[in-house]
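Letters A, B and C mark the chains as written, and numbering starts fresh at 1 in each.
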Amino acid sequence: MEQRALRRVGAFLAIVLPVLLIATASLAEVDWKAELGDHSGKTLRVIMIADPWVTAFEKINPEFEKLTGAKVIIDSYGYDATHEKQVLEGTQKSGAFDVIVLDSPWVGEFWEAGYVEDLKGYIEKTKPEVVEYDDFVEVFRVISDWKGHIVGMPFGAYFVTLDYRKDLFDQEGLTPPTTFTEWKKIAAHFTGNKKYPGMYGIAMNNLQGSPVGQAWFEYIWNLGGKPFKSCYPGSADPYADVTPMIDSPEGVAVVNLFKEMLQYGPPGALSMAWDERAQAFASGRVAMVSAWSVRTPIFLDPNRSSIADKFAPAVIPAKKGLKPVPPVGGWVMGISKYSKQKDLAWDYTKWFTSVDIHKKFVLAGGPPSRYTAMQDSELVSKFPWFKTIEKSAAMAYADCRPRIPESFEIISTVGIYVSRALTGELSAEEAMGKANAQIRDLLKKGGYNMSE
Amino acid sequence: MVRLWLNHRPFSIQERLDVQATSRQKLFFIAPAIVYLLAFSVFPLIYSLTVSLTDLNIARPHTGSFIGAGNYIRLFTPGSLFLKALYNTFFITFIAIPAEIILGYFIARLFYTARDVKGISVLRTVYIIPIMITPLIFGLTWSYILNPLLGIMNHILMLLHLSPQPWFGDPKTAIYSIIGVDIWQWTPFVVMLILAGLLNISQDLFEAAEVDGASWYHKVFHIEVPLIKRVIGIALIIRLMDVFRMFDLIYASTKGGPGGSTEVVSFFAYRESFNYYNTGIGSSASLIALVLIIFLSMLFVRFSRE
Amino acid sequence: MGLNLGKRTRTRLVWIVLLVITVVSISPFLWMLLASVKTTAQMFASPPVIIPPKPTWENYKNVLLGAGSRLPFVKNSLLISMITTVFVMALATPAAFGFARMKVKGSQHLEFWILSTRMMPPIAALIPISIIIGKLGLFDKKLGIILPYIAFNLPYAVWMMTIFFRQVPIAIEEAAMLDGCSWWKLFSRISVPLVIPSFLTISIFVFIFSWNELLFALILTGRDAKTLPVAISEYAGEVFIRWELMAAACVLQIIPAVLVVVLLQRYIVSGLTMGAVGKR
């Protein structure tokens, strides 16, 4: 008697369940054909950074063309050039680009200057399941919000991870460092080591200007310092009191740390930036690199890396006793205020940053910025390092780099002075002192509140 | 200074024929060009001067108030990057140019000596090709050649058992690398000028000296040098103006780094104006550069008049 | 020079030395030429591949055709340079004639002013000009960069053409005027035809200066009016710098320059020193 009942229940379930599953699956899927307008014959222009993900964009964009008839053209540039061109287009009120992909520290600048649209209005007009805004990593959502306005869709979140040669570490019986002392020891161990000829300890962003300036803002937190008085994790308003503390003991310590690590870098270490240090790691010349996660796919690609199966990422180290604050950065997708095709631009933006397409983007090498992507079983099995990303995301601080309009100049200025200290022209104290004075002037001109 | 430039005195048909040209006729010919120039060189300079007295940042609204000499003071504050840029610019100028002149002289001498050999004009033509090529291409080409890891130069050094250099990547070597590239590109220019000067010297003078039994020393310093002094002067002025304005080469290779060791005035002005959009400071810097060049040129002309 | 060799041997030796110097001088371009026909893998090879066993045209194809084609920018550069040249010469030639043949008060000062514009660092003019062009709504339009280019080359062209007009034997023109020729007729029917070779030479120089220009194009163009030098500079800002593609683009860019040197070598000295030196 029981057996027959069970069998009937089983048969019932066997029929109903698949139907239910299919139904819910199709409910979750967005009908893009209906959602996107018809833009045949139009061309959408996108301007963005020339990071490794450009190929991912180019792979996916034809799908958009099929859905809407609009062609998507991407112009990509180096870091400073991207900023320069985007601001230039803004000052010239040029609608040459419809979609602007901007770096997280620039959100304040672009909003205050009036170069981008407030996406809040667009999001409210769109179906929530298309946008799924809360699915974006929280810390990155905070970043793309400037005074209540959403400057761009937070689709390209990067975190800095310490990528290390697991094979070599295992061979030497080492584990990834959690403190800077261990970090320095390991870097020293691999430099000039006869067992590993031609190998060096670590490659870092030392190029003057934005690269090393950015690096300063990555490390200041992990040495227990802060760039501005009211800017620290947990602060209610990071910019309430922007008394600059560039020349604080911790600020100087960052410079001295960089200087010390120069000896463990390969020749030309002083001019390395994001690409060169990644190249050095990918070609097997250094044992460690603290790189933005966007480059991890390069390390995994056997066509571009000789260490594809030999490395692993870890959370970055911090000063002993401190909890690490992994730097968060990355790019948000905004719409130019001067675009003459804002509807098309929004269609593209919401499509590209949606859950489904974002997954495709991540599969093609893009950085995961949505929780669904970071926890998707298929993706995690392919990219086990997502676990490190998730851990880092939980500890990151949205304002680790300031997002005020003066941000680009501040970071670049710090970068120029750090560089002058690294070359030995100025002492770390002198350099940071001068940087602090210049930044103080800059902030005073901007009318910010400084208590000292 | 115009007299130094031209070899002959200007003259007009009007003066010789006593033909009248009405003002209207003169204007018809000359005005379009002059007006155009006024619009695009005088007005911009006036604008630049005005803006340099403000704190304008064209990417930030609410800026642009008058601050007098504020920008200039900031530029000349000890330890500022601008002062370093000035120093570097002078450094490059006063090392590269003498090197180009001296090297150019010797190579021009060689070309002069071989001037009757078959095929010399082909060689000469090929030799001066670099001068018409934009410095951008030079900078990019050399960035590749001097790349510490991929470049052929370090490879050659290693073959010769010399140590590889960081070239553009190290503050101690970067500025010399820039100087080297500049010399490489522009020595042919100097050669070309000096050669033209040498070729203009009448052979009779030399033959007379030979007959008199003059020594080599006498021939060079008492006949040749005075006659080519003018040519060298021209080369110097042109090179001075060009090196001081150097931009393309820096942009294509070091972008002022590392550590500001190759920061030059033009690049500083560019960065302030188009990376930070501090139009006020950028204008101040570029005006200072302009004044310096004019001053240097006048100084030189006066010095060469004696 | 104390060597006691015969004169002929000495000159031969010198010739060989010059050959070496010349080859060394242009070796960077030879290297770039080689790079333009190598593959990406060959560029990164260690030890370096000097001469590729099988030169590839892929790089040129990549630069000129297909998705990443830079051809539009080549076309931009060509068009911009040509139009600039036409307008420069159209404005400069009458002005030069006026300076050369008419009594213009204060022409010395004007001429000095023209000479002084050559001293100006481009960045000084660029800042205000970029604002003016922006306000005129000409940003990223070919006209927006042609106008400044004309302004930049006009002084040079006026100066040079003035020199050339002055070189015309005045007797011919005097005769025409005595016959009752009007100024315009004199200019168009007699003087200009007499300076055609120099006219063409200066035109070519103006073309090359526009073709080579970088800074103004960098700031005044965006996507549509971008010129070839700007496009080439962008190769250096990419994720993986594709040196071989950049080399191919560079080779294309220097072709006009090389042609100019080869064809106009007689006039180069004069052309580049604004008439101060060399054959006129």
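Keep this in mind: a contact is a pair of C-beta atoms (placed from the backbone, for glycine too) under 8 Å apart; a residue touches a chain by one contact, two chains touch by 3 or more.
What you see is a predicted model; the values in this text were computed from it and never measured.
Colleague: Name the graph shape formed by the protein chains and their touching pairs; answer line, ring, star, complete or other.
Modeller: Topology of the interface graph: complete, with all chain pairs in contact.
Colleague: If I rank A-B and A-C by number of C-beta contact pairs, which comes first?
Modeller: A-B
Colleague: Quick one: chain B and chain C, Cα centre-to-centre, how many Å?
Modeller: Once rounded, the distance between the two centres reads 16 Å.
Colleague: For chain A versus chain C, what separation do you get between their C-alpha means, in angstrom?
Modeller: The answer is 43 Å.
Colleague: Where in chain C do residues touch at least two different other chains?
Modeller: 219, 236, in rising order.
Colleague: Could you list which residues of chain A touch at least two other chains?
Modeller: Only 88, 91 qualify.
Colleague: If you look at chain B, which of its residues touch at least two other chains?
Modeller: 58, 274
Colleague: Across the complex, what residues on chain A touch chain B?
Modeller: On the chain A side, the touching residues are 80, 83-84, 87-88, 90-91, 109, 112-114, 206-209, 267-268, 270-271, 405, 408-409, 412, 416, 419-420, 422-426, 430, 434, 441, 445-446.
Colleague: Quick check on the complex: what are the chain B residues that touch chain A?
Modeller: 55, 58-61, 63, 74, 79, 81, 148-149, 164, 166, 168-171, 255-261, 274-278
Colleague: Residues of chain C touching chain A in their complex?
Modeller: Residues in contact with chain A: 67, 134, 139-140, 219, 222-224, 234, 236-241.
Colleague: Could you please specify the touching residues of chain A with respect to chain C in the complex?
Modeller: Per the stated touch rule, the residues are 45, 50-52, 54, 58, 75-78, 81, 85, 88-89, 91-94, 96-97, 275, 304.
Colleague: Touching chain B in the complex: which residues of chain C?
Modeller: Residue list for chain C touching chain B: 1, 10-12, 14-15, 17-19, 21-22, 25-26, 28-29, 31-32, 35, 43-44, 47-48, 50, 91-92, 94-95, 97-104, 107-108, 110-112, 114-129, 131-132, 147-148, 150-152, 154-155, 158, 163, 166, 170, 173-174, 177-178, 183-184, 187, 208, 212-215, 219, 229, 232-233, 235-236, 243, 246-247, 250, 253-254, 257-258, 260-262, 265, 268-269, 272-279.
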